[in-house]
Amino acid sequence: MGLKFTLKKREKDMNIGNVKIGKDFVIIAGPCAVESIEQLLNTALYVKACGAHLLRAMVFKPRTSPYSFQGLGIDGLKIVEEVREKIGMPVVTEVVDPRDVEQVCEVADVIQLGARNMQNYALLREVGRTSKPVILKRGLSATIEEWLNAAEYILSEGNENVILCERGIRTFITETRFTLDLSSVPILKKLTSLPVIVDPSHAAGASDLVKPLAKASKVVGSDGLIVEVHPDPQHALSDNKQQLNFDMFKQLMLELNELKC
Amino acid sequence: MGLKFTLKKREKDMNIGNVKIGKDFVIIAGPCAVESIEQLLNTALYVKACGAHLLRAMVFKPRTSPYSFQGLGIDGLKIVEEVREKIGMPVVTEVVDPRDVEQVCEVADVIQLGARNMQNYALLREVGRTSKPVILKRGLSATIEEWLNAAEYILSEGNENVILCERGIRTFITETRFTLDLSSVPILKKLTSLPVIVDPSHAAGASDLVKPLAKASKVVGSDGLIVEVHPDPQHALSDNKQQLNFDMFKQLMLELNELKC
Amino acid sequence: MGLKFTLKKREKDMNIGNVKIGKDFVIIAGPCAVESIEQLLNTALYVKACGAHLLRAMVFKPRTSPYSFQGLGIDGLKIVEEVREKIGMPVVTEVVDPRDVEQVCEVADVIQLGARNMQNYALLREVGRTSKPVILKRGLSATIEEWLNAAEYILSEGNENVILCERGIRTFITETRFTLDLSSVPILKKLTSLPVIVDPSHAAGASDLVKPLAKASKVVGSDGLIVEVHPDPQHALSDNKQQLNFDMFKQLMLELNELKC
Amino acid sequence: MGLKFTLKKREKDMNIGNVKIGKDFVIIAGPCAVESIEQLLNTALYVKACGAHLLRAMVFKPRTSPYSFQGLGIDGLKIVEEVREKIGMPVVTEVVDPRDVEQVCEVADVIQLGARNMQNYALLREVGRTSKPVILKRGLSATIEEWLNAAEYILSEGNENVILCERGIRTFITETRFTLDLSSVPILKKLTSLPVIVDPSHAAGASDLVKPLAKASKVVGSDGLIVEVHPDPQHALSDNKQQLNFDMFKQLMLELNELKC
């Protein structure tokens, strides 16, 4: 495969806030997109109280249509910064343009690269030149080998902190948005010492499937989850079918904690 | 969808031996194929001792190539009958030809229809005219709607005892034999009151992936598992990469029992 | 691959009526399903006048739902026999149950095995014991290797007359029913000396796509086409979106004849 | 679908050099990657003599692995410029980073956006702010709707000159690199007035499949082809299995010209 870094044993720990990535089971939760200071702050307070470690706080949204809500952009970053400081919770935010990487890094604790950008090599390299932990989502039609090669782009630039995120692949299935490939988790855990988390929200595309898939993700040996939570999913500006409301998230956290595996 | 029976609430229980299908978490275990009386008997004794409820005992093997081992056929049925009587364990066996259904029903407690026969309508109808419980495996490229329609072929002939079995779908993935679609389990449990079990062995195609996928199958709400177990997988006449050896199966059963979800 | 017969050079010609399969560009046309003597006779007269060599005349229809029209069955066979004799045109008809093979062979000049039965090994073997030419459609998720292995089941029983039929594979695409994989034609023509035809009707699922895909099928080197034609597609009992009406078929034949490649 | 521009009727012509895109059948040919001035110049002279209209001349190569040849980059652009001027042939070159768009536009007559960047929205927007014709390749797992939405990103920024390029989708097939979806051509030609070309080289991944697929692409109604041609494919620095040598390209052009459809 010609993989120089992803197959190497990691020496250093990857700690973000109080959580040891790859050792603790990390919970990243928050809205699909930042919509307002109230929305983000309320969600952050709630998910933190339930035990989430990191706040999902996206301001650049790669959307299929240019006419859909694209996120609040740079203005949104200020909201993220304010909430982050107010409640002392580390934040994950997505970057979609190599020209924004520097500015995003001033706020973000963790950078996310989305599925549609898994092979956006200019962006991968730019992020590889920072030292921020990077969540690298699996591309919609990426094999495990292609995914690890994408991680190599980041690692070979000097950034050792890549976290792989399974989020479902495109198949002929129409009952879910994507097909969550949970076998990728034990395969990756065997191949590489990079942490592997799962995004059950995007895979399912339906909030009632998030809990069983999240629990299954823990059981197959993943290192954590990234879950969409919104105070009022029905009125969300994006992904309104798959975001959990507060009660659903609380219930998910309860059941995850009880799950001994 | 025009589904008359699969969406109806089941009234009756489906009991096989001591296990209540759809209530207890049923474990079906045994070799990919019956190879000899010793092989089947030893496996049966072992898996029963570990807590398996039903014995997997296949004598008609649908193989990709006509030159691969095709199973022991009718001679194998006698072995199955002997082992079944000797240790009093109900057996699951596959049928692939409508002309064999009657004879197979004399021995089998449960009939299996394989993935490649999910839309073999002559066979579905013939099995529908019996009263035996039927495990209907999902076709390699079947949507949930097509799968339920296949179940309708059996149910509409009068046989109420259909058990659906998720076993992975064909995708672009090459790292596993198929991609296990665990979201199908909660979707089906919501749509239908038919029991839903999972076959992690065929989906994975690799014995070391069976345990995590089996545990995930329990956690997403399935009603049981069908798992391949062989006394000496390396020398098995078929599926030698994915069958568990005795120790692996014992460990799987231990972890499944400890898994509270 | 362990392919004993499909990779061997064919010695004998395969002639059906006046057409040399594998040399002439064979056109098989007719309705999705036989509905009545008038419908079949009118269609047969029309497609013959346009230059079709064989009549498509299906009486056993494998349908996704048991509540859809299943074909006229044995009664339909009598209609096929009558039309065949009346106009002296060889007929292709599908068989779905091994118990029907003998009876179907009394009428059919060519037997078809559908995509959903490509790995129905009992049926393949039964058909392999006859000497009738067999159109073996590609399974919905079959690789070329699996497809050739299915042909081996027929050939290894002694029937040398297998015609492979590309009819589209299942992919994530929703704009067409299936995705026609035209690269399979030159690949197969290089690997095997079995004739290869194409079914553009089922792949497309839309009548206006049939003509371009049919022409492309000729250009990539296929040995012929099987096309659905109905006197009144809108009122057809099955596949009403993809059947050509008479004018569309005439136009297709004109353009195919003009296509020098 | 919310498609504002792609479904609108185009008013203006799109002329590049002497060729009217969308009216003439445009042939774009050249190496996978620019390797040297000799290689590009020789190829350009040859393909021009055979009748190609535009020169394929890529200097930024998005490669799966960071350790594969990445193209000559900015240095390569100078080679492209020199060859372009020397023989007066318009050039197509790929851009992969929004920061390079301005510089690339100084040389390129047509910009290409590759399959892996189909949903790289920062890049789409940047290219949309130029007036250069843009070849937008279909993403590996893109539906037609997603592809048209990607085109909307370019069109909505003011650039009207989008050319869609079918290049195969990812499926379970392993015999070819991708599965060329030729039905997309007539579907797009009906939906939109944007020109639609086909890349048979990347779809096939094998040089002997390029000719039949290229001819099929013409027959289904596409507006042209982009084909990889290299003076010595075996020693090419990338895609060495699928590039045509000079003789193969000459033969392809001959057969394309003879193909009346």
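A, B, C and D are the chain letters, set down in written order, and residue numbers restart from 1 in every chain.
In this section, contacts are C-beta pairs under 8 Å (C-beta built on N, C-alpha and C of every residue); 3 or more make two chains touch, one makes a residue touch a chain.
Not measured: the values here are computed from a predicted model.
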item: Shared chain contacts [chain A and chain C, defined touch]; value: B, D
item: Chain pair, B-D or A-D, that carries the greater number of C-beta contacts; value: A-D
item: Label of the chain whose CA centroid is most distant from the centroid of chain D; value: B
item: Angle, in degrees to the nearest 5, of the Cα rotation that carries chain A onto chain B; value: 180
item: Length of the line joining the C-alpha centres of chain C and chain D, rounded to whole Å; value: 36
item: Rounded Å distance, chain B centre to chain D centre (Cα mean); value: 49
item: Distance from the mean Cα position of chain D to that of chain A, given in whole angstrom; value: 34
item: Residues within chain C bordering two or more other chains; value: 141, 170-172, 174
item: Complex contacts: residues of chain A adjacent to chain D; value: 2, 4, 62-67, 96-99, 116-117, 119-123, 140-141, 146, 149, 152-153, 156, 170
item: Touching residues on chain D, where the partner in the complex is chain B; value: 170-172, 174
item: Residue ranges of chain A touching chain B (in the complex, touch as defined); value: 141, 143-144, 169, 171-176, 179-187, 190, 203-204, 208-209, 212-213, 215-221, 255, 258-261
